Amino acid sequence: MKKLINDPKDVVTEAVAGLGMAHPDLLTVSLDPVFVRRASAKGQGKVAIVSGGGSGHEPLHAGFVGPGMLDAAVPGPVFTSPTPDPVLAATQAVDGGAGVLYIVKNYTGDVLNFETAADLAEAEGITVATVVVDDDVAVKDSLYTAGRRGVAGTVVVEKTAGAAAERGDSLEQVAEVARRTNAATRTMGVALTAGVVPHAGEPSFTLADDEIEIGIGIHGEPGRERVPLEPVDRIVDRLLGAVLDDLGATAGDRVLLFVNGMGGTPLVELYIAFRRAAEVLAEAGIEVSRSLVGDYVTSLEMQGMSITVTRLDDELAELWDAPVETAALRHGR
Amino acid sequence: MTLDAHWTRAFIERTADVVTESRAALVELDREIGDGDHGENLERGFSAVRAKLATQPDDATPGALLKMVATTLISTVGGASGPLLGTAFLKGAGALGDASVLDADAVVAFLSAARDGVVLRGKAEVGDKTMIDAWSPAVEAASEAAAGGATPATVLRAASDAAAAGAASTEPLVARKGRASYLGERAVGHRDPGAQSSSLIIQAAADTAEEA
Amino acid sequence: MKKLINDPKDVVTEAVAGLGMAHPDLLTVSLDPVFVRRASAKGQGKVAIVSGGGSGHEPLHAGFVGPGMLDAAVPGPVFTSPTPDPVLAATQAVDGGAGVLYIVKNYTGDVLNFETAADLAEAEGITVATVVVDDDVAVKDSLYTAGRRGVAGTVVVEKTAGAAAERGDSLEQVAEVARRTNAATRTMGVALTAGVVPHAGEPSFTLADDEIEIGIGIHGEPGRERVPLEPVDRIVDRLLGAVLDDLGATAGDRVLLFVNGMGGTPLVELYIAFRRAAEVLAEAGIEVSRSLVGDYVTSLEMQGMSITVTRLDDELAELWDAPVETAALRHGR
Amino acid sequence: MTLDAHWTRAFIERTADVVTESRAALVELDREIGDGDHGENLERGFSAVRAKLATQPDDATPGALLKMVATTLISTVGGASGPLLGTAFLKGAGALGDASVLDADAVVAFLSAARDGVVLRGKAEVGDKTMIDAWSPAVEAASEAAAGGATPATVLRAASDAAAAGAASTEPLVARKGRASYLGERAVGHRDPGAQSSSLIIQAAADTAEEA
């Protein structure tokens, strides 16, 4: 295992400490329990948004804390949901009296731990609503799985919900925006190589030199199938085909197209993939009216990418465009 | 050994030791069909439990000690297994009330409440390839043994053997809950890490009960 | 070789096409010859800034085209300087009558090709000034090398020069800001693994499983020494020590601290490194008054990082803070 | 063969063929002490040259054809070798003026101007482990042969042999220019890719001259 780390046990706390040192204008970090919150005073009367989950997906979630997006993020150990305690502490730190929205990716651990945190917060008199993100079409949503996973679409949900909270929506309204965004969002990913969890020291899975995993999850969970390596245009066709099918996108739709890197793939490759995806959408008569390309929801140093499509209506487009100022996403003036 | 507070402390300590010894093996099982952190998660939890055990009042009842295990696991393990095992211990401890010594029925009550707690939170059934596949047969074997008049230690041994068989029984299964459910057929041939660790915990209870 | 590409020959044009499709509001791309320019009309009377070099270092340079930074970027083939023709075409496309500044990384190929382009542009009546960036302290600047290489510090030079051009400085003044920034900037890098050039198909160099290259260049050129893998705190101490020595930084200085990922290293590791670097600077009484963390000057999928320190005076700090809106760097309001 | 425009075309075509054949070997040399693109760069350049050759007027002089090579290399190769080899051909072509046939002195003038062009742009000296280590000995051997009254073809053969020896002589050297200069002692034992390709170009000239 080759990594720029010290002791594997200190990866999360040292990285969070570094994050705080790098962005003192944006963020304040707590190291015990571990959570990250906006540096600015909490907005009295503003709905606060808290997200979190296992580490190893950076910049998700802490990179999205700041005006226009999250109020706090709770990074767990690498690939492991945080416990309820830091979630509760973050909740108390950012609650401004208007309630707190939890944005939770659909993994058993995240769902259960945030559920407990919500119980504890309610016991302290804080109103909590929870929206579970499950955009990964690689998993068939059925009785026989834990349901679809939450992956890159989480960024879109955090952005639109963050903008809704910033403009003064109520907790119920912000939750509704988050749910609506999730319902309009689908993602599918591919892996070329596996990431290495620091405390495990070995790759999470093994692929042959000429093999790729279509439908990979962001913890290296397997997907739909292993196929031989093929030109990226064919890979994009597979991922985007599944995404559009599931979303039921049709000619005339306006969408956000988001090509997300898994951590170890160079940006130049993501733009090559974006090109193909944009071409396919153009042929289908679907308008790419917003776009995002880069490493936003990663899986350590995994090589691979995911493609996310969100169907936009006027309101979602406006919420996407609203100003945001975080370590990892900034736009609007 | 009488199943009193002294036993409870020994059981907790032995569990912590077993988890430390099994850390790598559990990580490996979880790497195969999950995300490779189960051993790490439990070790983090039981190290915290070990540290807290030293600070418990001398007169703490078995129920109080096991409740401490529950809350500590909930606050330190994270992942899926933290809330699930934590709830198991929380409900199990609740079933013991203030009892200072556990008889055979109390052992059954503990195991049964623990299992129900996991089902309550995780909604898994037997055969879903989860820790339930260890807890459920353990509860059944314990009930049967207790009904036949066995000693508490014998009841725990029956539970432990059944849990071990239950953990092994997950190998041919396709998972329907947790992270392994994403693997479909590819989970076949691998043992569920949570079933394995639950079996180790129940085994630690039985081993401790058999000590002088 | 596992990459998300089609034919290796098409990597650059397809990626540039994708870049243009992803950022139509910011960029306009030309595919023959290949260059990228701002989408906005050229600023009459504004000094234009053109940079470029081999591809494979994304987001450098095209990711920095936009208001507040570059007017055009000219990406060559992977790791190969562009020829004079596209540089000339880009120069003509963005010249607004106030002259054009070339920002060139110090590699023989880049220097020679931009030199020829400048001759051709001057022959067309366009005034060109050139600033060569050479921030890499790994290379001893002596008669016996091609001189220090231009690496991550290029981003800082492009940012401050871009801000100077935007506020209306003359060509000579913009060039002076660029030169002053370069003189105040030092970088050193480390590699854990090599990148794979698409048309070569094999890693550019080989490191043993427990070996790292201290002083790596951004094309995989070797550095000062190969040492066994060590904790990142020790690696940071080596890189930062060399940087501060060469810069002659002393207590009381104010600096920009920039931890740059080489492409294949997860962000979480960069923040761990930032933490240590900030601690070392604090101990030395040097104030980290600005910071940047992320993949800005990469080497394909190389795992590794570089540390850059720029000594700031009030003017450079102000130019760094000035608004910028590009695909890869945005700030200011 | 007389060194006329016909020879010039054959020389250019053979060079393009040789570069294509040697692409992988040149990439490999450059991967060892540079950035692994030299073969790719030259192939891109000489493919463009080959395409342009077909469109040259029938009455193009050797100088005009070689100037086309120069400008095409400058506009298509990039990297360090593009401007350097391009300048070599540009200055070499200039030395030929309007001559329709090259005699021995013209061959020397071509090689000598080419070498001087590389030095002008790249400032390298013999022993710096660059393409100069092929061009310089070639110029010297050609001058010597021409002074001894050799035919143009023999002059080119002398130049080619010397360039090959010069390319080989770069192996034990530490580089002082170009990308390989960053390697210090580690460049020792590897042949400079630019010296090798320059030697192949001069060899193509000699081989073509010896043809019927």
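Side notes on the structure shown:
First chain written, first letter: the chains are A, B, C and D, and each begins at residue 1.
Quick note on the criterion: a residue touches a chain if its C-beta (ideal position, glycine included) is under 8 Å from a C-beta of that chain, and two chains touch if they have at least 3 such contacts.
Note that the coordinates shown come from a computational prediction; the quantities given were computed from them, not determined experimentally.
The minimum number of touch steps separating chain A from chain D is 2. Shared contact partners of chain C and chain D do not exist in this assembly. For the pair chain A and chain C, the distance between C-alpha centroids works out to 29 Å.
The geometric centre of chain B is 55 Å away from that of chain C, both derived from CA atoms.
For the pair chain B and chain D, the distance between mean C-alpha positions equals 76 Å.
Remark: chain A and chain B have CA centroids separated by 33 Å (rounded to whole angstrom).
Taken pairwise by the contact criterion, the protein chains link up end to end in a single open path, with no chain closing the loop. Looking at which chains touch one another, you get A-B, A-C, C-D. Chain C makes touch with chain D in their complex at residues 54, 76-85, 107-109, 112-113, 115-116, 138-139, 143-146, 149, 197, 199-200, 202, 204-205, 217, 219-223. Contacts from chain D toward chain C in the complex involve residues 27, 31, 34-37, 40-41, 44, 74-84, 121-122, 174, 176-179, 181-183, 186. The residues of chain C lying in touch with chain A in their complex are 2-7, 11-12, 14-19, 21-23, 55-56, 58-59, 63, 190, 192-193, 195, 209-210, 212, 229, 231-233, 235, 259, 263-276, 278, 288, 291, 293, 295, 298, 300-301, 303-305, 323, 325, 327, 330-331, 333.
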